[in-house]
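Each chain carries a letter (A, B, C and D) given by its place in the written order, and its residues are counted from 1.
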Amino acid sequence: MSSFFKNQLEQFQEKNQNRGRLLVSCPDQPGIVAAISQFLFSYNANIIESNQYSTNPEGGRFFIRIEFECPSLKDKAKDMKQQFVEIAAQFSMEWSFRPVFEVKRTAIFVSKELHCLLELLWEWQSGDLLTDIALVISNHEEARDVVEGLNIPFYYIPANKDIRAEVEAKQLQLLKEHDIDVIVLARYMQILTPNFVAANPNKIINIHHSFLPAFIGARPYERAYSRGVKLIGATSHYVTNDLDEGPIIEQDIARVDHRSNVEALKKIGRSIERSVLARAVKWHLEDRVIVHQNKTIVF
Amino acid sequence: MSSFFKNQLEQFQEKNQNRGRLLVSCPDQPGIVAAISQFLFSYNANIIESNQYSTNPEGGRFFIRIEFECPSLKDKAKDMKQQFVEIAAQFSMEWSFRPVFEVKRTAIFVSKELHCLLELLWEWQSGDLLTDIALVISNHEEARDVVEGLNIPFYYIPANKDIRAEVEAKQLQLLKEHDIDVIVLARYMQILTPNFVAANPNKIINIHHSFLPAFIGARPYERAYSRGVKLIGATSHYVTNDLDEGPIIEQDIARVDHRSNVEALKKIGRSIERSVLARAVKWHLEDRVIVHQNKTIVF
Amino acid sequence: MSSFFKNQLEQFQEKNQNRGRLLVSCPDQPGIVAAISQFLFSYNANIIESNQYSTNPEGGRFFIRIEFECPSLKDKAKDMKQQFVEIAAQFSMEWSFRPVFEVKRTAIFVSKELHCLLELLWEWQSGDLLTDIALVISNHEEARDVVEGLNIPFYYIPANKDIRAEVEAKQLQLLKEHDIDVIVLARYMQILTPNFVAANPNKIINIHHSFLPAFIGARPYERAYSRGVKLIGATSHYVTNDLDEGPIIEQDIARVDHRSNVEALKKIGRSIERSVLARAVKWHLEDRVIVHQNKTIVF
Amino acid sequence: MSSFFKNQLEQFQEKNQNRGRLLVSCPDQPGIVAAISQFLFSYNANIIESNQYSTNPEGGRFFIRIEFECPSLKDKAKDMKQQFVEIAAQFSMEWSFRPVFEVKRTAIFVSKELHCLLELLWEWQSGDLLTDIALVISNHEEARDVVEGLNIPFYYIPANKDIRAEVEAKQLQLLKEHDIDVIVLARYMQILTPNFVAANPNKIINIHHSFLPAFIGARPYERAYSRGVKLIGATSHYVTNDLDEGPIIEQDIARVDHRSNVEALKKIGRSIERSVLARAVKWHLEDRVIVHQNKTIVF
């Protein structure tokens, strides 16, 4: 870890020593908010931000994200987690309870095009992307200098479809060694196997260079050009086994016209890809995203 | 009331007979959400949507909007309101508790340019703006036909700065007779006196044809043209005694270029004014807006 | 023709009595602009606006749109057209030369959902859509009142796939009788046969309720909901025999989130459909669109 | 000059060896386009892109930008410039004739906040901003490492209002030595004197962190927060002696809400500032901007 980031991290942890986040989804019924808020109040926690959504008032599913300040959270966190188990059982909740000072650990995968990686590193350096970037893995050498220049470990693992199994074995080993919470595919141009995906459910965030479901698959800018669209876009989504079909976290577009050839579309598109991926990763790191039935609720 | 709207209204009230909304703002402290949600649970109410915001975890102000389903709300509403007084006192709350079937009553003021009025009437006819438009008041006759064609009472009250007191006396009398909750200035080109404004705090919604605070006051499109801006906009805000300085509810912009003369800017602008005002009115009607220190929280 | 529109039309024609437009596309080579501008100058015409685009400097295709003022255009127009034939032959041009006072004649097709029709009628009434709306054809009765209220002929022609041939025969007959230049499908929910399309090349403008090529075909909002997209859109395009595959004129999008159910998506979408179709029709009427290889150049 | 950029530059110059641009503004009259296009044709130049605009068909001003391919432009350029003087005189033109291979030389001024500088350097490295960045001048040391790391000369010139004259004398001397065409103020937080501005008319591009004319002057984000706007923006403009009143080149905005405190507004704003300034500089470098009466025509 670079001393620069170490310093930044310590400031962040100091500032957020009492800040926690609770994410819950469960079958809807009266009394859920009452139970949760009573629970938090019993620890003298103050709810700072709360967002709730129900798919359907009758027989639907309930989702909530709560951010709270709790004095001496460090000392209480373990106990709170244990105590919450009872409420969770009562309402059949899926849930996560996370003190904000437990910063998530991220791995970035990248190939030859570096713009998405650079955007993430930039946001990270300016303190807007609070995560410990534990390593960068690439099937090319292009990113090495910039990554190592920031004291982040860089692993060059050549990849192609014939050696996919060995490659992923190495990658999974590294992810395990570095205790990774989030994997960001920042224009990593290799397909992941079901084995790799299954090992990391709702933990792999990809950027696809089109506004999905338009232009699923390869060469979206070439196909956008050939179709004569007036908007191009980018989509960030969790990776599932169906190519480009995972839950969408964020999308955005830019206006183009007849003067834009494929090269121009790519340039314009890079700027959208950068900001869409950065927003998606940020929201994931802030525990703002819940996946439900191949869709996301973003609070 | 037109039979068309009467029918639409009845359907809406039937569908929302158990739906209520609670808006609260108060000094922040632990336990507020617990108290409110416990209160709702005690009536077997199910929270459908909830949004909360605190200006500052320590010593700040707390805001919440809750939408809930409560069986037999019609029978319970009066009692709930009375019981909530106690909680409100405990936390020094400003609050409103409103069953959704108590549809708000709206007055629209308009002058010669009808596009904003027409947009509101259109949304109203298509069921997207659920309010009882009780009357339209104008200092011109242009709107009479379209308003009366929808069986909405139309009052022509000529106005100018010399007779402002008498004009407003008539208007206030009409507002009282029609028991009005909301006043929408849909391009009403007369200045209101402090007396009129004071009688309707946070109840008058205006549309200003610029992205405030740029081009406060008269002739914003002419001044936008002369300044050579590349964006024009519109702003919807609550009316206070400071011209164009009231709390902003919504703003939007459109891109323009050197080819747009003043007439073209006005055409483009009309489309933004229409949608910005319609959104602001809709949010107000849905109790989504809280005013705090000359700003709005829009949930 | 309503007396209202007749009056508006006369003003427009008076104001534009000397205004003309020239659209050209041809193989690129040096000297084209020189030849065209020399030609216009020889009639003492002043170029007001000119836009040009070449697909490729070497061996590509050249496109230009020129708007000019020419004294006594009414008297000269016929001669200018004849004289231009020679230049056109020299450079193998496809071209159109059109005095602006020769206002285009439009037919609007609509089914049960009226929002796109209403937007067009609105823009037309406010003078922003300068065309003679010669008739409205519908397979339902919903639009009759509003259309006839504006003194526009309304034809109710029930339609379904079993009687398509007879229906289209009637429609083509009406289009011929009314000497129609442009056909706007303002949410007309019937598929046109190749016969009908072939009779009206690059003259039929459709609005599709998705950002194509996403959600080609039926029920796009339902599919957008089910896919969990964060943007919905609309596309206006010329109709060809490939469903939703014709040259795109304009597209736009709006942001949505997890709270929007199908009904909410449709409401948000209606507003985009309205503005996208209105822009596309306006550009077509102003001779701003050239079709080339299933794409549009919009000047 | 870094060897990296030297290589990139040579490729660009090779590719654009026959590409030229002509910018003209003059009183409008028939025959201008004919004269210009005949002139270009006489050198066998092929017009690739052309945009024209007239403020008013009668007695207005005419503006045109033409991009052309001309075989052996290198050999002809000097002669073309001389010959064009005659046409220019005939029509009282202000004009510039510039072969694209004559790449402009840019100076960037920056203070402590580096995001705009970094964006420009990034675009420059990826080949999207074709200019020779000849030097960076700063009143702080923050930017030194990144600038010198790219082999661009960095000059640290401390500045404050008491030593403005000496500081500007040094700066003007450096600009002269480096033969600078364009000065970009990439968040340079010092006011320039009329003397400095007069020495560089329409050559200094600034980024202001608000959508002008809103929040002219200091601390725009603080004032945006305090006003409770729902949109924040950035404006790039040429610098004149009236603070933040120069001709606007480009503006853009982002949506914000009540949750954004000043710090959050600044973060969101940085992203807009980056892209707005980059677009404005790019357009200036491509000779797309003409200044007329304190406004810009952007072709």
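Keep in mind that, in the parts below, a contact is a pair of C-beta atoms (placed from the backbone, for glycine too) under 8 Å apart; a residue touches a chain by one contact, two chains touch by 3 or more.
By chain, with names taken from UniProt: A, B, C, D = Formyltetrahydrofolate deformylase.
These numbers come from a predicted model, not from an experiment.
Among the remaining chains, those touching subunit A as well as subunit B are C, D. Among the other chains, A has the CA centre that is most remote from the centre of subunit C. At the interface between subunit C and subunit D, over half of the residue numbers appear on both sides, which makes the contact a same-residue one.
When the C-beta contacts at B-C and at A-C are tallied, the pair with the greater total is A-C.
With centres taken as mean Cα positions, subunit C sits 43 Å from subunit A. The mean-CA centres of subunit B and subunit C are about 37 angstrom from one another, to the nearest whole unit.
Contact with two or more other chains is made by residues 49, 53, 259 of subunit A. On the subunit B side of its complex with subunit D, the touching residues are 53, 211-215, 227-231, 233, 247-253, 257-259, 294-298. Across the interface of their complex, subunit D is touched by residues 28-34, 36-38, 40-41, 44-54, 57-58, 64, 69 of subunit C.
Of all the residues in subunit C, the ones that touch subunit B in their complex are 49, 115, 118, 122, 126, 128, 259, 267, 271, 275.
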